[in-house]
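The chains carry the letters A, B, C, D, E, F, G, H, I and J, assigned in the order they are written, with residues numbered from 1 in each.
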Amino acid sequence: MLKKIPKSLSPQLVKTLMEMGHGDEIVLGDANFPSSSVSSNVIRADGLSGAVLLEAILELFPLDSYADPSVILMEVVPGDDYKPEIWEDYKAILGASGEPFSIGYLERFDFYERAKKAYAVVATGEEALYANIILKKGVVR
Amino acid sequence: MLKKIPKSLSPQLVKTLMEMGHGDEIVLGDANFPSSSVSSNVIRADGLSGAVLLEAILELFPLDSYADPSVILMEVVPGDDYKPEIWEDYKAILGASGEPFSIGYLERFDFYERAKKAYAVVATGEEALYANIILKKGVVR
Amino acid sequence: MLKKIPKSLSPQLVKTLMEMGHGDEIVLGDANFPSSSVSSNVIRADGLSGAVLLEAILELFPLDSYADPSVILMEVVPGDDYKPEIWEDYKAILGASGEPFSIGYLERFDFYERAKKAYAVVATGEEALYANIILKKGVVR
Amino acid sequence: MLKKIPKSLSPQLVKTLMEMGHGDEIVLGDANFPSSSVSSNVIRADGLSGAVLLEAILELFPLDSYADPSVILMEVVPGDDYKPEIWEDYKAILGASGEPFSIGYLERFDFYERAKKAYAVVATGEEALYANIILKKGVVR
Amino acid sequence: MLKKIPKSLSPQLVKTLMEMGHGDEIVLGDANFPSSSVSSNVIRADGLSGAVLLEAILELFPLDSYADPSVILMEVVPGDDYKPEIWEDYKAILGASGEPFSIGYLERFDFYERAKKAYAVVATGEEALYANIILKKGVVR
Amino acid sequence: MLKKIPKSLSPQLVKTLMEMGHGDEIVLGDANFPSSSVSSNVIRADGLSGAVLLEAILELFPLDSYADPSVILMEVVPGDDYKPEIWEDYKAILGASGEPFSIGYLERFDFYERAKKAYAVVATGEEALYANIILKKGVVR
Amino acid sequence: MLKKIPKSLSPQLVKTLMEMGHGDEIVLGDANFPSSSVSSNVIRADGLSGAVLLEAILELFPLDSYADPSVILMEVVPGDDYKPEIWEDYKAILGASGEPFSIGYLERFDFYERAKKAYAVVATGEEALYANIILKKGVVR
Amino acid sequence: MLKKIPKSLSPQLVKTLMEMGHGDEIVLGDANFPSSSVSSNVIRADGLSGAVLLEAILELFPLDSYADPSVILMEVVPGDDYKPEIWEDYKAILGASGEPFSIGYLERFDFYERAKKAYAVVATGEEALYANIILKKGVVR
Amino acid sequence: MLKKIPKSLSPQLVKTLMEMGHGDEIVLGDANFPSSSVSSNVIRADGLSGAVLLEAILELFPLDSYADPSVILMEVVPGDDYKPEIWEDYKAILGASGEPFSIGYLERFDFYERAKKAYAVVATGEEALYANIILKKGVVR
Amino acid sequence: MLKKIPKSLSPQLVKTLMEMGHGDEIVLGDANFPSSSVSSNVIRADGLSGAVLLEAILELFPLDSYADPSVILMEVVPGDDYKPEIWEDYKAILGASGEPFSIGYLERFDFYERAKKAYAVVATGEEALYANIILKKGVVR
C-alpha cells in the first residue's frame, strides 16, 4: 500500500496503467471472460467487482478525449434475454470520475477481437454477465 | 470460475494450495506485511479482506491435526496499544470451517522468520493491523 | 490434494480450467494424440484414462449452453474398421454430469486444426483409439 | 507412447530416470507428501497409485546393490495408530522386479531431509498414508 | 542408462519420442544437415552414425501404417554423381524392425521444407552424404 | 503518466514501492554508488537528482514510525574533507513531507552491508558525493 | 558514470545506441507516447525532458547523411489547435550538434507504424505534447 | 584457448559455425552494419577486423561448392564515390584458404534481406565501409 | 562439422572446452556416473565411448603441466572385485596425445566431491565400470 | 559504433563499466585465465590484446583514489621462470591515462579469490602469460 493510490489496485496493475500511453486500451473482463485466451498480458483481480476496479482505475487513468467512443461495452447476444444492470453502475462511476467519455458497443466476437489488440486485460471477479468494459487512455496534461 | 471452487481464489492460489503437502505452511499477509521480502512465492490478492480469503481457503484446505499450533497469529508489538479485532473474525471462521485447530502466537520478527520458510505468501488487501495469519496444511483422508 | 477437488486433477490442470473463460476449448487427447505438436500448452496426465479425467473435469467445468456443439469427437478415418466403444462411456459421463451438451464430429485433420486453437490440451493415457474429445467452456452463473 | 516403455510413465519421468546415475535417489511421494517444498525437481503423477508407478519404474530402473538400504520407507509417527498396508504391496512389487533390495526406515522429518537431497520427487496420487518410498539407483551392467 | 532402453538414445531424445503422437515426424539429419536452421527443437547426437540411431529408435518407435510413405529420404541432387550406399543399410534396419513401412523421396529443398514442420530433428554424426531420413510416428495399440 | 502519481517515478519504481511492506528498506544510491553490486533489484533513474526522487517518493511512501532511525545516511569517510550539503536538502524534503522521521548514520562499508539487505536500490543520477539515503517503509493506516 | 559519456544516459540506453547500425532508428517518445505498445524494446527515462535526452544522445550518435529525412516529428492532429514549441528546442539542439540533418513529418498513426519498426523506443518524461522524435543512425567514419 | 582453433574466434562463434549445415549462411557485418536489427543471433566481435575474422573462420569453415555464388558482398550505393579496398583483402584471403568460391554482389537493401535469413551475424569491428560479407557453408567430406 | 575439429565433439562441448581456463577441470563420466546430480553444466554424449571422447578432446585440450596430478581416476570401491581395463586404454591415449600428464586416484565419494567443483561434466555412453576421468586444463602457449 | 567511445569496447562492456560504482572491481583476464569459472558475469573479448583493452577502458573508467592499491596484478608462480614483459606495457598505459594509481600483487589463488568477488571479468585474447589485471573503480566528480 502507498498513500494516494487506491488500495484495490495491485502493483502490477498500476505499473501497467503507467506504461500505457495515448490511445492504448485496457479491458476489464468479467469472471466469465476468456481473458487468458485473448491476451498474453493478463492481470488477475479475482474476487473484486467490476465497479470497485473501474472506480479505482479512474482515480488515476485519463480517458481519451480524442476518441469516440473512449469506452466500449459488449452487446447482449441476440436471443439472450438479459438486461445488464451493471451498465448503469459503470455509467454512474464514469460520470462521477470527471473524465469526459462516450460509450460504444461491440458484438461479442468483435469485442473479443478488439480485446486481443488491447494493451492488457484485467481478469476481474465480477460475476454479473456482460460486465466487460474497455477503456481507452487519454493524455495527461 | 469453476463450479465448487470459491470465486475469490485466483487460479495461481488454488494451484499453490494443491501443491502444498502435509506440514507446509501458507501465510496470509495483511496489506502492510512485507510479503515480497520474506518470500519469492507471493500471490497477490489486493483488495480482498483477510476474512474473505480465510473463509474461501478453508473450504478447500485441511488444517494439520498432527501439529500444535496449526494456526499462528502475530503478537502485538509491546508498547503498541492496539487490539486486533480481526482475530475474533478469524476465530469465528476457523470454528465454522469444521477443521480442528489450535492457535499459537509469535513475536513480530519471529513471525517474519517463520514466514520465510512458508511455502507461499498471499498478499491480501486486509487493512486492519496485525491481520497476518499462518495456516499449516493437514492430511486429506 | 484439497477437499472438494477431484484427486485425479493436477494443480496445473485445475489452474488451467480456472483461467479458461466462456467459449474457450480444452482437448483431452488420447495416448496416441499428437498433443505436443498441436499445442504449446500441454498438460500431461499419463496413465489416466479418458473417462476418469472427463468425469473429474465435469465436476468443476460448465459446458457452453450458447454453442452447438459444445462437445466434439474425432470421426473414424474412412476405411478404418473401428467402433469407438469409449464414446458410449463419454456420453454416459456427460449425461450424468448434469451439464447440457450436444455432440459434434470432426474429420481427423479438421479435429487437429480445431485443437491448435484450443486453450490447452490434456495428454491423457487413454489407450483406446479415437478417444479424443474437445470441451467448450460455458458460463458459471 | 512407445513400445517397451510402461505407459504410465510420463516423458519427463523417463527422462529423469535416464539422467540419474549410480547412487542417485528418487522419491515417490504420496498425495499428502510435501513434494514441492522438499524439491525443485517435482514430477507430477496425480491420480496414479504408488503401486502402479513403483511397478512401472522398476521395469526400467536398477536398484543399488552397493547400498544398504537401497529402498527407504517413512516410519509411522509415534502415537499414530496406523498400519501401512501399502508396504506389503510395495514389498511384493520389489520382490517381483528381480532387483536385489534391502529396506530401511526413516523417521518423518529425517525422511524429509533425505528427500531434499534426492534427484527428483514424483508427486503420486496415492491416497494411502505413509506411502512414500525412496529408491536408490544402481548400476546397469 | 536404464534397462530395456537402447543405450545410444539420450534422455532428451527418448522424452521427445514419447511426446510425439500419431502422424508426427522426426528427422535424422546427417552431419552436414542444417539441423539448427530448419528446427528450433534439435537434439544433438554428434559422433553417432545414422544406422546406430535408426536401429535404436525403431526398437521403441512405431511407424505410421496409415501413411504412405511413412519414411522419407532425400533425393540426390541432379548432377551430383553419388550413390548413397547408406540407404541400403537403412532399408535393412527398417526391414529388421518388424514395423511396416514404405519409402518416399523428396528433392533437397522440399525435404528441408518438410523438415521445418517436423516435431524434432536429431543432429547425428553420420558422415555419409544423403543420409537424412524422416520417420512418421504410428499408433501404439 | 497517470493522474496523482509523481511524474518522475518510473512504472517499475512505483510497483516496487507498492510491493514493499512494513520495515522494508529502499536505497537511493547516488551516481557513484555501486548499486548493481549490492543488489539484484536495481531500478535505474539516471539523470534524476536525489532531491527530485526523494520528494516524489515521499508523496506516496510512509516512513516507519516504529523504527529509530527510519532514515539512514552514509557517513563521510574519515580523512575525506567534504561537507555533504545535499543532506540539508534531504532534511528539508523529509520535513516538508509530513512523515515523522529520525536520521541515523552508517560508516561506508556498514552502509553497503545494509544496502545489500534492502528490498531495492534506485540508481539515481545524483552527482553530489555522499548523497546515498535509505528509507524504511512504515504502515499505511 | 563514466568519463566522456553524458550522465543522463542509462547503461542500457548507451548499449542500445552502440548496437544500432546504419539506418536503424530510435524513437524518443514523450510521456504520453504509447511506447510499450509499439515496441518490445523500451528504455525508460522517466522524469527526463526530451531536450536533455536529445542533446545527450547527439553527443554520441551520428545522423544518417544518406537518408532524407534523418529526423522525423509527429504532425499535429488536424483540429488540434496546438503549436509544439518544443520543436524549436529540438531544432536548436540538432543544429548545435554539428550533425547534418533534415526533418520530415508523419501523421500520428503513420508515426506509430514507423515507431513499430524502430530498433528501440526511449520512454522520456517529456510532458509537452507532440514531443516525439525519431532519429536515424548514420555511419561513424 | 584450445590447440588448433584460431585464437580470435570466440567460443560462441565456433559453436555457431559447428551448428551450421550445408547451405546455411553467416554474415560478417562491418562496424556500421545494423547487425542487431537484422538478426536475433548476433555474435559480437568488436575491435577485430574483417580480415582477421575471415581468415580465422576459413581455417575451419568449408564453402559451398554446390552454390554459385558462395560468397556475397554488398554493392556500393549508387552515388557513393567509394572504392572498397577491403574487397581485395577478402579475395586474397579467400584465395589462400584453398576453398573453391565464387563471389556475388547484392544491392544494400537486398543484402539486408539476405542477412535476415542468415543463420547468424558476426558484428565485427571492421571500420572500412562496405566490408560486409556473407559466407555459405559447404559440406565437410 | 568443421575442418580440423574432431567430429565426435558436439558444438556445446567445444564451446565449453574453449571457455575453460588454466586449472579448470572437466569430468568424463561413464554411463553410470551421476552426472546431473553433481553438476548443473552437463553435456550429453550418449552412445560414445570414453576412449573416443578422450582422444578427441586431447586433440584440442592442453593438460596442466603446473599440477600434479593433471588427470584423476576413480578408485575401485574396496570389496569390488573389478579390474578396470579401460584405464589401460586411457593411458595409451594420454601417452599418444603428446601432452605431459600424471595420474592421481580418488576414492568414489571424494571423486564425486571433486566433480562437483569441475567446470563441466560430459555424460558419456561408456558402459565399462570405473571409467570416469577428470582432466585439468593447462596453458596454451 | 558511437562517437567518443573507443571502438574496441563492446556494447555489453560499456554497459557494464557504466553500471559499476565506487569500489567495484573489473578483471581483465588473459586468454588462459579461468574467466567462466570465477565469474557468472563474463564479457568475451577474444582476439583483443590486454593493452588495447586497458587503454580503451581507461579512456572512460576512473580509478579509485581512495584505495591502495587500485590496480592488482597476478604474481608469477614461484618456480616459474618467467618475466611478464606485458606489465611494463600496462604501467605505461596506466601512466598515460592521467588516472592516479598504485599497483598491488596477489598470489595466483588469492588473485582467483579476488576475481570471484569482482563485478565482471573481461575474457581478453591476450596470449602473454601473467597478463591478468584488476581495476578498481573510482568516483567521477
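The working rule: a contact is a pair of C-beta atoms (placed from the backbone, for glycine too) under 8 Å apart; a residue touches a chain by one contact, two chains touch by 3 or more.
Just so you know, these numbers come straight off a predicted model, no measurement behind them.
Path length between subunit D and subunit F in the touching-chain graph (shortest route): 2. Common neighbours of subunit G and subunit J, by the contact definition above: F, H. The most distant chain from subunit D, with centres taken as the mean of CA atoms, is G. More C-beta pairs touch across one of C-E and D-E than the other; that pair is D-E.
If you average the CA atoms of subunit E and of subunit J, the two centres end up 50 Å from each other.
The distance from the centre of subunit C to the centre of subunit H, with each centre set as the mean of the Cα atoms, comes to 51 Å. Subunit I and subunit J have centres, each the mean of its CA atoms, that are 32 Å apart. For subunit H, residues touching at least two other chains, in rising order: 1, 10-12, 19, 31-32, 127, 140.
Pairwise chain contacts in this structure: A-B, A-C, A-F, A-G, B-C, B-D, B-F, C-D, C-E, D-E, D-I, E-H, E-I, F-G, F-J, G-H, G-J, H-I, H-J, I-J.
Residues 1-5, 10-12, 14-19, 59-62, 140 of subunit C are the ones that touch subunit B when the two sit in their complex. Considering their complex, residues 29, 31-37, 77, 80, 127, 129 of subunit I touch subunit D. The part of subunit C that touches subunit D in the complex is made up of residues 1, 7-13, 31-32, 44-48, 52-53, 125, 127.
Of all the residues in subunit C, the ones that touch subunit A in their complex are 19-24, 66, 119, 137, 139-141.
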